[in-house]
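Just below sit the structures, each encoded as structure tokens.
The following pair of complexes shares a single chain, chain A, combined with chain B in the former and chain C in the latter.
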Partner chain A sequence: MRQGLRLQRLPSVQPGVALGMRALAIAIVVLAASLVLLAAGEDPLALGAQLVTATFSSTFGMEDFGLLVIPLILTGLSVAVGQQVGAWNIGAEGQFLLGAFAATTVGLFVPGPAVLILPLMIAAGALGGLVWILVPTLARAFAGVNELITTLLLNFVAALLVYYVSTGPWRDRVGMSNSSTARITVEVPEFWGLVHWGLPIAIVMALAAAATLAFSRWGYEVRLSGSNPSAAAYAGIAVRRHIVTVMLLSGLIAGVAGAFELAGTVHRLQGGISNNFGYLGIMVAVLARNSCVGVIFTGTLMAFILNSGIILQTQGITTSAVLAMTGAILFLTAIGDELAHYRIARAGARGS
Partner chain B sequence: MIAPQDRYEPAPGTAPLVQLKGIAKYFPGVAANQDVDLEVLPGEIHALLGENGAGKSTLMNILTGIYQPDAGEIVIDGYAREFASPLEAIAAGIGMVHQHFKLVPAFTVAENIHLGWSETPRLASARKLEARTRALAQRFNLHVRADALVSELSTGEQQRVEILRVLARQARVLILDEPTAVLTPAEARALFKALREFASRGNAVIFISHKLEEVLEISDRITILRGGRRIATHDAAECNHRMLARLMVGREIVLADMRQRPVGAAPRSAAPVLRLESVSALNDGGNTALHDVTLDVHAGEIVGVAGVAGNGQRELSQVLTGLRRTKSGRIIVDGTPLQAAGAAEFGELGIGHIPEDRLRSGLAPSMSVATNAVMREYKKPPIGTGGLFRSRAATMLAREIAKAADVSVPDFSMPVRNLSGGNQQRLVARREMRIAHKVLVAAYPSRGLDVGAINTMLRYIVELRDAGAGIVLISEELEELLNLSDRIVVLYEGRLMGALDNERIDVEQIGLLMGGRALQQEAA
Partner chain C sequence: MELLTGILATTLLAGGVLALAALGEVLAERVGVVNLGAEGLMAMGAMTGVATVTAVPSPALGFAAALVIGALFGAVFALATATIRANQVLCGLALTLIGTGLANTIGRSYSGMPSPAVFEHVRVPLLSDIPILGPALFSQNVLLYLIYIILPVALHYLLFHTRHGLNLRAVGENPAAADAAGIPVGLIRFAYVTAGAALCAGAGAYLTLAFVPSWSDGMVAGRGWIAVSLVIFAGYRPVNAVLAALLFGLITSIGFVGQARNWPVAAPFLSMLPYLGTIALMIVPVLAWHKVRRLMAAPAALGEPYYRDLR
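Here is the complex of A and B:
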């Protein structure tokens, strides 16, 4: 006979427990970061207070924060959408860059009134993202090639392409800048302060994706295909077609994110325009448990963390600290997800 | 019957090989075992009889170190033991062949046999391992293909690999979980002979089953479990079917001839509703799995397909439901040949399918009960009008199906894997029956179910036949085929070995056909 407490594994996770574990993961990371700051001779409480006031008490801070929310919601949505058919789009970074690149092409070389050019830029961005995921998609659907590798590798190609055009042929020759294109005059109109219409559009896109998945026949087929491809095939669903469509959609969304970043926030194509938004999108999606509505919230959370990094930088703390924090959150979330499967039970107890 | 002199007589005062005392095991919400005692003597075949969920598998998982008991004691050869892992149990001579095989599909048979075995040579080429495996196979008289990948094997072949793996490790107590489910009568007899021989050397066999016939045939003593508790232990000689069935389910159940049509049932149609004409098809490996199969299914009849698993049943059921393309030949539904039709078209034509492995292909286990219940009707109103998916209508339909299936579902948004195997199977069956106006292809509908659930499943099939659908019943249970089918065809190596009218059927003849004997007669 044994006594004492032991762990029991549950077959399915209560959503509340999973959410709690996520909150706990973030709390642990914040605590750990505070301890590090304390050891480095900083005052974590004062810094924390400063972060909150700098972000939320000035319009300026709120605007900076708002501008970060847009790409993070969209890249998070891109990854979450791919996951609906069980595909890991690690290439949102590259598709984002291609979206920005394609939008720049239109902005620089197509003349016309802004009313026409702006939608064209966004459409070009969507197309750019779609083209960038096309080969990984077809390889996955028809040859069973793992999209994790192919999408990831194309990120580096995209980054080099953008570096090349922005420091080479498309370099801004008037403004004496050696690392970006000329300013593109067509802009996404502002919606609130500096924050442009990309924000409401991103939120609407996330809600639309969630609604489509939940309330359309297509969404039902996609969810079934992602959950169990052989059951979907058994029900007569064209699984391969859905993999192709959804993965292309995932790339398209990341491309739109890139186009909005270019036409709404940065206005010039430059090497670092993606700012790791594609990779952070993976985190946004994972934290949201691939819920398309969830990415609105986790994207906002991630934007706050990122924004904090920028503010901390002004206090002489390196931005790498923030990257380390995001990594730690992701890591602990993965552990928390596993732990959410367990509950503590008293061994040897009678009854259920 | 076994002659008495074959029996191993332990010396007086010998301790039992295995003694379980007051074993209990709890899972969240369930007491899987409570206060279970079991004594297994050297030289005996001890049957563990009970319905699904009676706690047989849990008890054996405790004995083999997979689970730790929450209470109770394990005594081996008179000494109390604790097994922290299956490795410790096997070292103590206790080996188990599970119902769900624990093999590595991507490894070869030889690799699986040698995996995690102390006697595996440290440096051994694939050829050496295969040679060792062949030698073992010969010694224990279990035919396996040493160089084949496990994923390519039929269920029956995989079981032989499992048994060989345990025997190779010098088990003194061999535990078999539902071993005959995938064997022909002849193979089962060969297995019984091997088990008897194994026991006669002073070893013991624990034989888990819910089949009364074979339990009476093979075992010396029988322990009956129900609801996680031990109900009784009897000498097999003192038992009969009726009494065991009563002990097992707590009520009397008789499997009977179900071929009689009630008044008002649809008659057998003159023209076939579904016809395969010289159909050949490949398996996943690209080899021919069906050779020139011609089969007529009439409305209002049940065609039984007998045969050992892995002889083309999988491919036949897939061809019949549009999941697998044919290589040659025609499929004719109601007189019209189908051209390039897929699973969706077959479903729309009124051909339902209870698949071989409901969890792998009939259900999406992590999705909700409602999502799974509407898999066949989500395109139709009221769920799927105008490209929409109306989840409220879906839940209503799911409720209707669950009611027809007599499954109580507390929450239709919970994952379907939370339901028991029997409930899942009933849901799948009811879902398919709703669309199977013309034909129902039922592959192993009673596999893994207990007597009560099997009875329900077979009643469903008969009900559908009486409503005028043609049924193709693929099964390994001869008794089930004989009780239901109007005609029986036998599949052997992808060929149909002729149709037998159930009125003048000879079980031995089916057994011979299942072993491919008719082919040899034709050749001679």
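Here is the complex of A and C:
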């Protein structure tokens, strides 16, 4: 045996190390972005200070920030729930759009008192998200077709559908805009300032999902189906049925996110309503290591990053730049997760 | 007559983007690495192509610059997935976000302008005068010959008729056995993932220098993802991948014809056809022919990192 130190790969990662790697990934990307800004003649420290004051020192800033937290918790939850059975729902963006579309359908065409219409809009949104993931779910469960690609491709179809109705048949004919529907008068009531009840509801949904997964028999079966499908099947668990229900639930949550965004924040269906929330949700779930409680915190963090991008738009930073930064964090997180498996051990001493 | 020529020409043109990207993806997947960053690489390539010809009006240079940028991004992706062995799905999604975001950010100043230099159509004497087929097949840009004939034949020969091809397929099927036979698994994965990424970026440059030809935000519009699905549909074979790309070119051209001829279907619905078609083609063959499924199976070690110690 050789003397000295050697690297050893452990089968699992300690949560603390993984968390540290995430913090490091974010720090590296923020540092790199600061250097780019510095090279472009900006003062990153002053911009940072401006960000914090713009977000936290005014009610207005906090409201904007709070409104971004809602969809990001929900799309993050959607992706994290899918991951419980090992399914990649990259279609949260499309399910979000369908949720908004379905809620708009109710809002525009179903008359009635707001007390009835509002729950109906949210329910329609949930159904829209569920319908949008139905084909990928069945294809995955019964034909083994990769759900990652099918859910993603449907994002483009959903975007085209929303673009079509909001610029075509449902276009606002009274207002000045010709790229959105008329304002939908039924609204989610406000909870704090402009921030609507979607926020507490999103948090409760995340907690409820976490509790169900952790403490119920169903949750146990789902987690086992995800982590070791053959062992689960051997133990008599209906793995395929769990894949179907969990994927449908994932789509439903993203649909609810879209319905809340429409009925609580934007109030008109328009092409850009999804605002990459579905894609950013992947990031929220990965940062949270697919923990349903974790997405509450990482969703908030992601909202801060996105909000920063929006505030800095005057400094030439765009939502595209935020998307690139998000990608860089995701990339470094993936590398960090792998590196977290290693530890330095003395040669000859074989652990585990 | 003219309609047929138009459909055929558009099929070839539209299919070319997907064919080139799919060939790049075949290279990566044959050595066992899924590159879900194709979409982002295409965006970078498309933007690089336009940016280059804006500075120097040479489409060949623009295409070459895109290949270089693709190889650079590919090398970083390969370092993460083949060398460090990080999660391929996450790294691929990250590459898509980085490429798309960066291309839109850098490309803002070129957005919407027509490309200053593009690949011109080259008329092959005599052959281009054949009715219907002539103008479609023999009066096209030169890249199409590279994409439809030279590359697929060369890659098919490399993969299935050379010793080196056998080695690289072994790396994708059974890296442990390949390693035992003395094949440098990490190095081969690194090299082919990088080369594949270069082709994906090249497909992007083809988009802005031969097909559309201008740059705008979001113009790749999921073509990278369609290319990834085509590779599965084509059973990871280069010639099949090009044929599958032609099928998609045909679907796209039907959409174009519909718009040009004012079919009573709204344009956005015609634009949905390639996405819906891709989903249908991913599901239907699996349901219809179970034997096909075995024949078209993915490389056995696809998506799996290789650790020598954990053999």
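Miscellaneous remarks
Operating definition for what follows: the second predicted complex is superposed on the first by the 333 of 352 C-alpha atoms of A that agree within 3 Å, B and C clash if a C-alpha of one lies under 4 Å from a C-alpha of the other, contacts with A are read in each partner's own complex, and residues count from 1 in each chain.
Basically, a contact is a pair of C-beta atoms (placed from the backbone, for glycine too) under 8 Å apart; a residue touches a chain by one contact, two chains touch by 3 or more.
Values in this document were obtained by computation on a predicted structure and should not be read as measured data.
In the superposed pair of complexes, A:Leu154 makes contact with chain C only, with no contact to chain B. Of the two partner chains placed by superposition, only chain C is touched by A:Val135; chain B is not. By the document's definition of touching, of the two partners only chain C reaches A:Leu323; chain B does not.
In the superposed model, A:Ser227 lies in contact with chain B only, and not with chain C.
More residues of chain A are touched by C (comparison of chain B with chain C).
Across the complex, chain C meets chain A through its residues 36, 40, 80, 84-87, 89-91, 93-102, 104-105, 108, 217, 221-222, 225-226, 228-229, 232, 266, 268-269, 271-272, 275-276, 278-279, 282-283, 286-287, 307, 309-310.
For chain B in complex with chain A, the touching residues are 26-31, 68, 70-72, 322-323, 342-348, 353, 355, 360-367, 371, 375-376, 378-379, 384, 387-391, 414-415, 417-418.
Chain A contributes residues 1-2, 8, 10-12, 214-220, 223-224, 227-228, 230-237, 343, 345, 347-349, 351-352 to its touches with chain B in the complex. For chain A in complex with chain C, the residues that touch the partner chain are 9, 88, 90, 135-136, 139, 143-146, 148-150, 152-157, 160-161, 163-164, 168, 279, 282, 286, 318, 320-328, 330-331, 333-335, 337-339.
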